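Note that chain A is present in both complexes that follow, paired respectively with chain B and with chain C.
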Partner chain A sequence: MKTSAKMWKRNLFIASFIIPTFLFFCVFTVYPVIQALQKSFYDWSGMSENSEFIGFDNFIEMFKDPIILTAIGNDYFLVVGKVIGIMMLATFFAVALTRFKLRSSGFFRAIFFIPNVISVVVIGVLWNFIYNPQIGFLNAFLSLFTKEKVDIAWLGFPKHTIWMLLPPTIWAGIGFYMILMIAAIVNIPASYYEAANIDGAGQWGQFRHITMPLIWEQIKVSIINIVITTLNGSFVIVQLMTNGGQPDNTTHVMGSYLYRMAFQQYHFGYGAAIGVMILVISMITTLILQRILRQETIEMS
Partner chain B sequence: MEKVIADFQAANPDLKIKQSAGPKINEQMKPRWIAGNPPDFVYIDGPELFDRQMVTDGQLEDLTDWIKDAKNVDGEKILDLLAQKPQEFDGKIYNIPFVLSAWGIFYDKALFKDKGWAEPKDFEDFLATSETIKAAGINPFIHTGKYPYYINGAVLYPAIVSANNNDYTLLQNMAKNDPEAWKNPAILKALNRIVQIRDKGFIDKASVQINHTDSQSLFLQHKDAFIPNGLWLPNEMAKDVPGGFDFGFIPSITQDKGGKFVANTSTATFGIAKKAKNKDAAKAFMQFVFSKAQATQWAELSGAPSNVKGDISSSKAPNFVKDAARFLSSPDTVVVPTVSFSADVDKAMQDATVALTIGKITPEEWVKRVSDVVAKQKK
Partner chain C sequence: MTVKNPIAKLSVWLVLLIWSIAVLYPLLWTLLDALKNNEQFFLNMPWALPKAPLLWSNFTYVWSKYNFSTYFINSIVVTIGSTLLGMILSAMTAYILARYEFKGGKILYGIYISSMMIPFALALIPLFFLLNDLNLINTWLGLILVYAALNLPFGIFLLVGFYKTLPKEIEEAAIIDGTSHYGTFFRVMLPLSQPGLITVLITNMLNNWNEYFLGVVLTNDPAKYTLPIGLAVMQAEMQYRVSGGRYSRDCSSRRYRRSSSI
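On to the complex of A and B.
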């Protein structure tokens, strides 16, 4: 009798923490997802009180839409480009700032971290100015080395404009992952490196055999995080820098195309279907990644 | 608007009027439209509120019969007062244009006078002048590639009308998604004008990637000589206009030698919700705002030209507005009533035009692409 009352009290205590969170989760995550799923089966302008049930038509339409293919391609282009770019640079700077005896490493840490505290909107506007063909920094800089004034429209290439979105997003991402990696590296006991030094291992050898394995957990988390945030969040930078897909729909990612369809061309149901697609693709990608990256983590003892 | 409503309230003390406005008003009102509880009277302007879509969605009251002999509070027939007639959707009228603007090409009169360049009267002139401008080291033409409806509204549509012997019904038929209209060779001829401007290297390379503000700034800095825009440009950039800058405005640059100017108008309109609870009061308000007194007051307070006819040559309006008014009322100008295309077709045209200006597609491909979208709409 006594124990069951105790159990009940304990359960109540636990429930008082879980239930409010769960309710919030249901209201703000589960419900919208279900709503989006439901809307994706309708032909609805997003402004009208009338909508028509059309089954899987939106999805069938999507497989025939060439822009969807471009958008998915661009999404993965940014994912791959960002994972490679950010991870290489962040790891390099993290190692450089911890393992090499730099005098002003604190200063550099701050400098690299600054883009992370700037809003994406500011970053987009800033890089728009850098790329501006007439008054931009990039052309002005290049003009120093050429006889004629350089007037390249960096965001106006018919085919390769999406490449131009990589530098700003990588630049904006390095700081955070660098700090993550620094935190992991400083936790590695100095004695390991000392022993390696005595054994005659160079910097590269030390990095490969000591640093890499011991920060693998952080690298894994970083990669998954970059992938997910890129698949969900490239919308902002694309919207800001190329007004969602310009020129001529070559820079769309799924997020920007969703926005355009739902809010600018009055196909809300279709937009919802794209949203469902983003969800599915993100989930599959994450699962595959978890598999690929499942390497035994080496623990320090 | 507040002043107009206050006046209306004073004239009708027994009515209870609630005004909802603000920069985000269209977004804020969205749930009410969706839920079938819309405002009675709506000013259709700004983002996320698009007349053709509202008609398609069945949100606007059919005003066709009412407007036929509706009179304003002074007893004048409203239709007779309008400079621009209401747009018809399948032969029906749902919204009445109140604010009138026009697309066209701006240049700096002061700069042109200084350099001895003449205002172009036709396409041949435009090309010749542009050649001179280019030789002087200035880019002849800039547009806003991020929002290609500027170049469509100010260059392409007038060019189509010119190429179609000044008959603008072609544009209206195109907007109705009539597949035959889209086969008209006038469209190709118009697109080829843009190709000519492109191939002569007159289009500022920056155009493709910049927004309206950036293109307007470059124009104001004399980096570019001509810019396609709407009459609102000088007001929009008021804070950045350099001293001595004198806005010149021509409605179109694509007409043949001796041909008429083509002025493509754009309007902001008033409508009444189909589900309005006080339709009579809304109509009474419509009759009130379309009086000469209210229209003049609107024009003075907002700085935007009103759609109610009147002589502004003696008013305090700036020169370019008077220029525009002179063009709009001249027999040598074809005035094109506002045409709104469906959102899908409009976007397809914008994308295709940008692709055309950077040489990615040919005029034939432009027509093919947009016609495909039109065909899909018809289904």
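On to the complex of A and C.
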């Protein structure tokens, strides 16, 4: 009797702590996601009376839409560019700030992290100014080396504007991953390096044979994290820096095209279908990536 | 061991120095530019230092003329509200998931964790209509609820890990002393989890303070803009006005003019 009363009390406690959060989560996350999945099968302009079930038509239309193809291409371009750029620089900085025992490493560490706390909007505005053909310092800097004043509209070339989005995103992303790597490197026992030293391994050899294998887990996590956040979130910087896919719709990513379709052209059904597509693409990519990156993680003893 | 080769050390140090300039200079440049008048802004080299008199009034101008005081208050209210709500909800669930065995606990944890993978662009459209139906578009409450929900999975993930590291004995001692489950949580476990809570607090606050996209969709009244939205709108308007020529072709403020009646 006493134990059952106790159990009842315990269960009541559990329920009272779990249920509010879960209800809240259902209303503001689960329900919208299910709604989005459902609406992707409708031709829907936003007014509920105009919604009509059309099955897979949105998805079929998507395969014929050239802008979608560009957008997916851009998404992957940013993914690849960011993974390479961020991982190389972040790993280099992490090694430099730990293994080289510089006296000023704390100072650099603090500075490199600054862009990570800045809002993406500020980053977009800032880099818009840097790229600005009249008042930006990129052109002014280049003009130092040329006879004529350089006057390039960096964000105005249909073919190359997407390249211009890499520097700001890499610039803004490095700090966080660098800190992850530093934490991993600091955890490697110093005796490993001492032993390697005695064996005559140089800095590069130590990096290849000790640091790299022992931080592989962090590298893996970082790459997957970059991929997910890029596929799911790079549309913010696209929206801010290229006016949502300009020039000529060449810089769209899936997310910015979704916004354009849904909130500017009122094809909400089509927009929802693009959203589903983003989900599918990022899930498939992550799965493939996990396969590729699967390599025995070496445990430190 | 330390690197002995001074050349290697110097070149590494140089690379680090170059990158710190690349990080700091744009920020400094913006600050300096903010103190220039239009003439200096357009005619001088971008890295020319602002000439006296420094135009500190630019800041007050933006602050009052572009409603930044309103955006600022909106940002503060929304950030504090959503951070607190998100933290309380995630701490309660995380504590249970870390400490109590019950049916479905693992599944629940799995649901929360896997929802971190969901692109929020997917939920954007339904969220807009949900808040529209609840009459929460252009309200603080609407933004607070959505932002809090957005951060929930990460908070749970982090705090479950944290509660698992706290020793069980403390809790057992509290229970033996006759403290109720609630008392144990609020009087013992919550204070003990301060370091974990602070991590969640900082990340959530940063996220909520900097959030832009949901805010853009869920507000269309300048009186309810948060700082990032206000800044983006202002930049669009300014560019339209300031820079003629090629660049402004695709920088009309049209992109930020959203219909208020869908």
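Rule of thumb we're sticking to: the second predicted complex is superposed on the first by the 273 of 301 C-alpha atoms of A that agree within 3 Å, B and C clash if a C-alpha of one lies under 4 Å from a C-alpha of the other, contacts with A are read in each partner's own complex, and residues count from 1 in each chain.
Keep in mind that, in the parts below, contacts are C-beta pairs under 8 Å (C-beta built on N, C-alpha and C of every residue); 3 or more make two chains touch, one makes a residue touch a chain.
What you are looking at is a predicted structure, and each value in this text was computed from that prediction instead of being measured.
Once the two complexes are overlaid on the shared chain, A:Asn132 sits against chain B and chain C alike.
Of the two partner chains, chain B is the only one touched by A:Gln265; chain C is not. When the shared chain is aligned, chain B and chain C each come close enough to touch A:Gly156.
By the touch criterion defined above, A:Gln246 reaches both chain B and chain C. In the superposition on chain A, A:Asn50 makes contact with chain B only, while chain C stays out of contact range.
Residue contacts after overlaying the shared chain place A:Phe63 against neither chain B nor chain C. Of the two partner chains placed around the shared chain by superposition, neither chain B nor chain C is touched by A:Phe145.
For chain A, the partner with contacts to more residues, out of chain B and chain C, is C. Residue overlap on chain A between the chain B contacts of one complex and the chain C contacts of the other covers 132-135, 153, 155-156, 242-243, 246-247, 263-264, 266. Of all residues in chain A, those touching chain B in their complex are 45, 47-50, 131-135, 151-156, 158, 242-243, 246-249, 260, 263-266. Within the complex formed with chain A, the residues of chain C that make contact are 1-3, 5, 8-9, 12-13, 15-16, 19-20, 22-24, 26-27, 29-30, 33, 41-42, 45-47, 89-90, 92-93, 95-96, 100, 102, 108, 112, 115, 117-130, 145-146, 148-149, 152, 181-182, 185, 206, 209-210, 212-213, 217, 227-229, 231-232, 235, 239, 243, 245-247, 249-252, 255, 258, 262.
Within the complex, the chain B residues that touch chain A are 30, 33-36, 48, 50, 53-54, 56-59, 145-147, 204-211, 214, 218, 223, 343-344, 347, 351-352, 354-355, 358-360.
Against chain C, in their complex, chain A makes its touches with residues 9-11, 13-14, 17-18, 20-22, 24-25, 27-33, 35-36, 39, 46, 89, 92-93, 96-97, 99-102, 104, 108, 111-112, 114-115, 117-122, 124-130, 132-137, 140, 153, 155-156, 171, 190, 193-194, 197, 203, 228, 231-233, 235-236, 239-240, 242-244, 246-247, 254-255, 258-259, 262-264, 266, 268, 271-272, 274-276, 278-279, 282-283, 286.
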